[in-house]
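Note that the chains take the letters A, B, C, D, E, F, G, H, I and J in the order they are written out, and that residue 1 is the start of every chain.
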């Protein structure tokens, strides 16, 4: 994924300021993964959130407005990503996709977990045998409509 | 993904018996998603777990042994799956892959979340506006070795 | 898309009986496209709907139950279909996808049209210059959640 | 889909002017989705329509002429788009393509819905449980010629 | 393209009978390429044409009916065919596609040549330097509708 | 297909001059589709033809020489083109490729239609029910050599 | 490439008989690579050649006729073959394709080496440092026709 | 394949100088196809060869050094090339790959023809019925090692 | 990769006999990975090795002969494998391919590591922090020939 | 793989300085392949390592910092690489992937070799019959967790 020009500016400012996603979470009042999604142009902020974010990064106020436009989302290149961290998410889908599907259908019936009415969080779980990454995804169950 | 013959037999027995994954969790002593993974031949059980599982499904004891063999994993067809429930996991990777990567690197440094020393659970979160599917993934952080 | 064995049996019975989708709509009480989706194993019926459908096709009652299982959906082969009628739907997405996206965002904000809480109907619009096919899709707007 | 330079200028002007597609519909006398298609260079306007559009956007008159040239259409990248809104159109084709095909053949015989002698409209259907997006596609039925 | 069972039976009968496509053209009253398309299940015949075709091939009358069903068309495998004769059609599209597009637009305006209201014929053009294959395609020009 | 810089210059000049392919056919003494192929760098001209073409477009004489170099041909992107006009040529190959192959083999034996010793022409066939596009391809039959 | 049933029978008979391609070359009077191509159903023989081949392999005479039918050629799976011997031919095209193209154009002008009016032979070149495989391809130069 | 900047300079100089590959063969003392491979950055020269080549093309001496660096080889785009001359090499692999494999194994045993310890030459074979292109490839046979 | 019938028989016999690859290494006198390659039909044995292997697995002697035939190698499906263990080899190529290439060129010059005159071994390296898998590949350096 | 701007600067400096990877290994105190991985932006260094590396290459100190950022890894283009040296690693996976998988499972149970807690080294093994490239990969065995 080629990172867009605006994303690169935001990341550079974040680095120059030495501000973490956790600190941005404090300022903007939204989860850090969501804020990262705004920075990578995968989510759109409202005007107030965008203004706070841009200010926290020490950037001029006119950079806020583009962050409110619904972006063209996705776009990893190639379509099966090669970066090992991102690929593991693909692997999890390949290996656990069918079991998860079957368990969800048993618990909820025919339908899906929404990826729109959806949140995703990343936590560090400390562990003496090695810290663990916990990713919690929570999406509304959408039952298939019959018409 | 063409479901293998052995998986089909296990699913048929599970249906005939009317036993849920949650009930199998009780019997086998492992999480229901993991048990579904064994049934879909994406994970291998030990001899004792396999025996319990096969017995709980009312199947002959000799069906346990094949479940202990390390399987050839993955195999969704096509490689970007078309089933909407499974596709959403791909979409989440496409849309949130880069933000999640950046947050993990900030929290942990250069490395990945293991998909092997890893667990994945599915929960129903009741909500008056519509129940939610919660998927919790937890994998050991593996820092890149330098040599 | 290889049509599954059960779909083939249902289509054969429908042909032998000489019953149209419109007539099945009368019997089952759902739209004809949805009924076709059940027959092609792209949608799951409830027990009552499945029973009515199977009976209307003159098939044995035990064929109803499999139609209630959430299917593995999609699966056109190849992924860009070659059948001209189906390909036109792909072409419409290629040509009008971006304009439709921009109009939806302008009318609704950032989000999507659900393909789950969704209906699709096919109508014949008579026209002296040649009848027209009207496809009406109607899906709930799902705004992106911020968390 | 990389948006072309001319499209970007038109979109920027539309934003700067604060004019909506609905307002352009008034000015140009064509549907808003068709106008968006002209802006995204997926459809060509005639000289008069192009002049009105360019003027309504406050752009110089010489920008009208290129909008009358038949464009190279399509071009979403990758060929199975990752943007969730656009992907849903692909998913609808994957899941409902075969049922729709069968219903159309039953109603019309062997042939297709034209994607050329074709219109597509987007409407907001207000609904207390959440507004709905309605997409209405209407194309001439083209029966296969025998020769 | 795996040839379907019914196509194979028709081709075997054609061979056993020693009847050429030109002779079938006489019997059925349609062009030989169209008849070959019916045999390969790429076109559907009406009941009378199917009956004549099946009879001319010395096959039982009940084989006629399936030839009247609108087939799932296309399906060359792989999507860029490897058979040299068929590949040349792909190559012609690759090399001459853009020039042909530009000439058609100049002659007709924005639109396409229909592949549905369409005929394709194959002729042998005798030539002392080596006979030539002439393929004549003729499709209705469909101008893009504005709405 | 990204159009190369030289092609763009030729097309711009052609437009500025208001000269049609038919008029270029008069000047250069070759078919208009072939001339379009030279302009799109899919065919190479000899020095005299190139000089005439460049002069007719009002371009400097030194632009003729590059048109005599054998180009790297093809290059539609993606490999299955999305432009509806060009895609129809792909669809024709998908749907009618096998029937055409069988008819050619019956008429000529094992071999192919050359796409090199080959011509392709586009004609407008006037028709009260709508004008038709006629594409005539004529290539030498090349029988497979046995050695 | 799944080897077809008839090819497998021919290969089995060749092995059972213990006859080499060189010996078949003597019997049939054609090059051994061409004979292998007939056996793999990539080339068609005439009736006499097929009869001789089938007889030399000790097979019943009725197996000759299918070898005279023009086959559907190519079909390696996947399209970039994984077998190392065959892949090297792909690699040679990747690495030396452009240089070979440029040298051929310099020697012959714009055109191609025919792969139809074409022969390919395999020889062993003995060499004390290790024997060498020599593959000699010889195809008619086909200049691009101008029309 | 986008030709690299250095290749373009070398080709331009070769054209400006009016020197053929055959003449470069004289100067450099290596086969013309190999020299073309150096120019296209598919092979690396030693310092002396690079100096002679650069001098023969009338280019500054400092352009020699980059030609001695082992390049990243291959890179035709798309992976199945569309240029007809280069595609024929792919077609030869598709059609004759399996027969050639079987003949090589019969003559040499299990192993491959090296594409590294390898030469490829292009010759014109004059023929009254049309000159022929002869491509001679000669690679060391590498038997599979057992360990 | 669908495992072939003969491979499945060999694996079943190996399991029934309870014999390890290490024990087969003792009997056959070759490395265990090579023996596994013979069993998976990726390498061919000589008659003596095949006989010993088949006998050690308690299988009839006539099963030895097919193991001496050069197989069609490779064939993982899909081409980027989804099995996590095998995928890691792909990932290593993606991440470390360029660095390894540069180091090899620096040490050896322009050329490659042979994958034919090649061995690959797997060892367990015991480690209190967790045992390690060591894979040692050793292939002849093949310098590019100049001709 | 397009080499990034920073990588190109590092490679140019390395060449200008005439310093080998082995010498960088001395300076930085890490293996040469790992250092090459840092240069190709496939691995991240700590501040001290980056400073030493940049200094050894005679580059300004501010170039060190970017080398400490976790990069987006992988990215060979196309996904099955065409460079012969790198392709051989793909071929080894295709041919020996399944045998290696089976041997690892036999020695270690169900799990994988980590590609993160992992080292890879390249050695020259001198051999009178031709020097050999030895690649030693050593990764922690990760057993699949059951939960």
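One rule holds for everything that comes next: contacts are C-beta pairs under 8 Å (C-beta built on N, C-alpha and C of every residue); 3 or more make two chains touch, one makes a residue touch a chain.
These numbers were taken from a predicted model, which means no experiment stands behind them.
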Starting at chain B, fewest touch steps before arriving at chain G: 2
Of all other chains, the one whose Cα centre sits farthest from chain B: F
Geometric centre distance via CA averages, chain I-chain C, whole Å: 48
Length of the line joining the C-alpha centres of chain G and chain J, rounded to whole Å: 41
Distance from the mean Cα position of chain J to that of chain B, given in whole angstrom: 32
Sites on chain E at which at least two other chains make contact: 1, 34, 72-76, 79-84, 87, 91, 94-95, 101, 105, 111-112, 114-116, 118, 142
Chain pairs in mutual contact under the definition given at the outset: A-B, A-C, A-D, A-I, A-J, B-C, B-D, B-I, B-J, C-D, C-E, C-F, D-E, D-F, E-F, E-G, E-H, F-G, F-H, G-H, G-I, G-J, H-I, H-J, I-J
Interface residues, chain F side, partner chain C - complex: 80, 82, 84, 87, 91, 94-95
Chain J - residues contacting chain A, complex: 72-77, 79, 115-116
Touching residues (chain side chain A, partner chain B) in the complex: 1, 3, 11, 20-21, 32-34, 36-37, 39-40, 42, 73-76, 79-81, 83-86, 88-108, 111-115, 118, 120, 122, 124-125, 127, 129-142
Of all residues in chain B, those that touch chain J in their complex: 30-31, 34, 43-45, 49, 70, 72, 101, 105, 109-112, 114, 116-119, 121, 142-147
In the complex with chain E, residue positions of chain C that touch it: 1, 78, 80-84, 87
